[in-house]
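Shared between the two complexes below is subunit A, which has subunit B as its partner in the first and subunit C in the second.
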Partner chain A sequence: MNLTSSKKMLWASGAMLGGIAALLAYFGNPKNMAICVACFIRDTAGAMKFHQAEAVQYFRPEIVGFVAGAFLIALITKEYRSSAGSSPMIRFLLGVLMMIGSLVFLGCPLRMVIRMAAGDLNAYIALIGFVLGVATGSLALKKGFSLGRAYETKKSGGWVLPVILVGLLLLSVTTTLMASSESGPGSMRAPILLSLAGGLLFGAIAQKSRACFAGSVRDILLLKNFDLISVIGGFFVVMLIYNIATGGFHFSFSGQPVAHAQHIWNLLGMYVVGFAAVLAGGCPLRQLVLAGQGSSDSAITFLGMFVGAAVCHNFGLAAAAANAETNAPGGPAAAGKAAVLLCIVILLAIGFGIRKREDRQ
Partner chain B sequence: MVEVDARGLSCPEPLMMAMEAVKKNPKEKIKILVSEPHQKMNVEKYAKSQGKKISVRQLGSEFELIVE
Partner chain C sequence: MRKKEMKLVITFHTTADAMAMEKRCKTEKMEGRLIPVPRILSAGCGMAWACPPLDSEQLTRWMQERHLRYESIQECLV
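Here is the complex of A and B:
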């Protein structure tokens, strides 16, 4: 089935992705986190004790599903292609930056849309930052930015990440090696098999529809192409209907679950994510999908996000959620604010400073 | 014939290069090489939207597109 053949199919793909996210939220995942890639990589890093934030430790089967689902569908449809060699360490760094930006806002672009669909006005502020970040990255691309070519590698290269993730998932289910939150977002979870099946399907559909949150905005700005935004549109509509139907829709800045209303940091956090995602060739979800279909470069970006998540919690860079009971406003501490500003400086240096695309014609 | 080698590049670079080549050389035949199926599809869609004729050939795991 070709999910990219028409706008209708792209909308339908987005709607299916939204359906999976809604289902997982309904069956236990944190309500307006549902299937957030950054949050779930962070939870997984916590489960493996790379950080010690007790509220966000759980080996999320969805992350395994995203990569393995994309891997399996790519094998079946003969789109699997093992490649590597396009500036891997810069991609690793971009992964770290994407995670820092995400955890200052408290969500990846996927969760930003989920929060928008729940009426969280902070996510609309973040959207402004995200679009500005994508625009800055697109400008860098126009000026000739490139991370260079990836080359075909041994077929087995692309198997490593999916196989390791499946192995770790088995360990998480059969042993007590992994940490597991007893309260907080990490303790909210859909049943394992449902999470895994949902993740697999989500990864497969995202692979076939090329879903990418940064790419959809980038394509509009750079190419006047509205194909990819159709997927996001379908996703948003389904999540909106789900939130309204289940009483989860609240149009406000305050009182939103796992969120804060520090506008400038919501905006700048997602600016970093949008900018880094365009330079890396895709948002966090797309990186997992590309890693599944054989890109070791995207697997390295995933490792960057994983390490970035640990760094965020070990060094106090992640924002705190606002707490209505204690009147705590939440938001990033001084270290998190400094980190975001440093991320922007690094991104400007990468985007506009490193070697330009040579003329290949 | 103008040649564009976009193999191994990340999105959206292959499409940007193809668009630039088509705009710069509106009357010439253009050969575009890409690595990934979605990049092949993006270039195909673009060429068709510009009213161009396009032919695709798979070369191993890569693709050769001729736009005219």
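Here is the complex of A and C:
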């Protein structure tokens, strides 16, 4: 089945992704998190004790599924290509920045769309920031930004991340080495086999459809091409139907689960994510898929996101969710706000400081 | 829906190379446009240059003279 043969197929593949996210939310994953890449990398980093935030520690099988699903489908369809060598440390840094932006907003672009489909108006504010971030990244591309080309490497290079993740998943289910939340979002989980199957299928469909939240906006801005946004459209529609059907749709700024209404920081957090994603060549989901199909550069970006998640919780950069019971407004603390501003400065330096001329030298 | 046509599609190692191609072609009024890389050519999500079918050797020479780097040149329906 060719998922990119027509706009209808792209919409259908987005709808399938939405169906998987809805299924996992229905069977226990946090309702308006469902299958958030940033949140689940953060939970996994917590499970491996890279941070000590007790409410968000669980080795998420979905993360393993995304990478392994993309890996398997790429092998089967002969699209697997092991490559590396495109400014790995800058990509690592971009991964860290993407995670800081995500955890200040409280979600990656995937969760932003899930929250939009649940009526969370804060996510619409974040969308403005995300589009502005992608636009700034696209401008950097127009001005000649490049991280340099990747080169083909030994085939085994691309196997490392999927194999390690599968090994860690086996450890998480057969030993007590990993931490596991007893309350909070980390304690909300679908049955493990369903999570793994959902992740595998999600990764495979995302690989075939090239689903990318940053890429879809970039393609509209630079190429006037609406193919990739069709995938996101299908995903949004299914999540909207799911939320309305299950009573999870609330059109408001306040009272949203695991969210805050600090507009400027929601906007700037996702600005950072959109900007960094364009420079890195894909949103957090796309990075996992590219890592699965053999890109060691994207695997490095994944490691950056993983370390970034730990940094966010260890150094108090992640935003707190609003709490209706205690009237706490939530949002990032001073350290988180400073980190977002610093991220923007670093992104401007990377985006407009690294030019094609340097690549040619 | 727009009917697909046979085009010459040039892929690049980096987005910056694709952008450089677009800039040069616009300057020299060469027909063509940037498109997402067709799925049949790559599993990546980069950009490619699509133009009417030409003599690919002539195009290669034209690109080399202008120091425009590319990955591959292939005909395909887009």
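For the reader, a short list of remarks on this structure follows.
Here is the rule we go by: the second predicted complex is superposed on the first by the 356 of 361 C-alpha atoms of A that agree within 3 Å, B and C clash if a C-alpha of one lies under 4 Å from a C-alpha of the other, contacts with A are read in each partner's own complex, and residues count from 1 in each chain.
In this text, a residue touches a chain if its C-beta (ideal position, glycine included) is under 8 Å from a C-beta of that chain, and two chains touch if they have at least 3 such contacts.
Only a predicted model underlies this, so the values are computations on that prediction, with no experimental measurement involved.
On the shared subunit subunit A, the superposed partners subunit B and subunit C overlap sterically.
In the overlay built on the shared chain, the residue A:92 is in contact with neither subunit B nor subunit C. In the superposition on chain A, A:215 makes contact with both subunit B and subunit C. Of the two partner chains, subunit B is the only one touched by A:152; subunit C is not.
After overlaying the two complexes on the shared chain, residue contacts for A:306 are found with neither subunit B nor subunit C. Legend: residue contacts after superposition of the two complexes on their common chain; A:6 is shown touching subunit C, with no touch to subunit B. Looking at the shared chain after the overlay, A:79 reaches both subunit B and subunit C. When the two complexes are overlaid on their common chain A, residue A:223 makes contact with subunit B and with subunit C alike. With the contact threshold set out at the top, residues 4, 79, 81, 141, 146-150, 210, 215, 219, 222-223, 227, 281-282 of subunit A are in contact with subunit B in one structure and with subunit C in the other. Note for the complex: subunit C touches subunit A at residues 1, 13-17, 19-20, 33-36, 39, 43-47. Those residues of subunit B lying in contact with subunit A across their complex are 2-13, 15-17, 19, 21, 35-38, 41, 45, 61.
The residues of subunit A lying in touch with subunit C in their complex are 2, 4, 6-7, 74, 79, 81, 141-142, 144-150, 207, 210, 212, 215, 219, 222-223, 225, 227-228, 281-282, 286, 290, 293, 356, 359.
Within the complex formed with subunit B, the residues of subunit A that make contact are 4, 79, 81, 83, 85-86, 141, 146-152, 210, 215, 218-219, 222-223, 227, 280-282, 357, 360-361.
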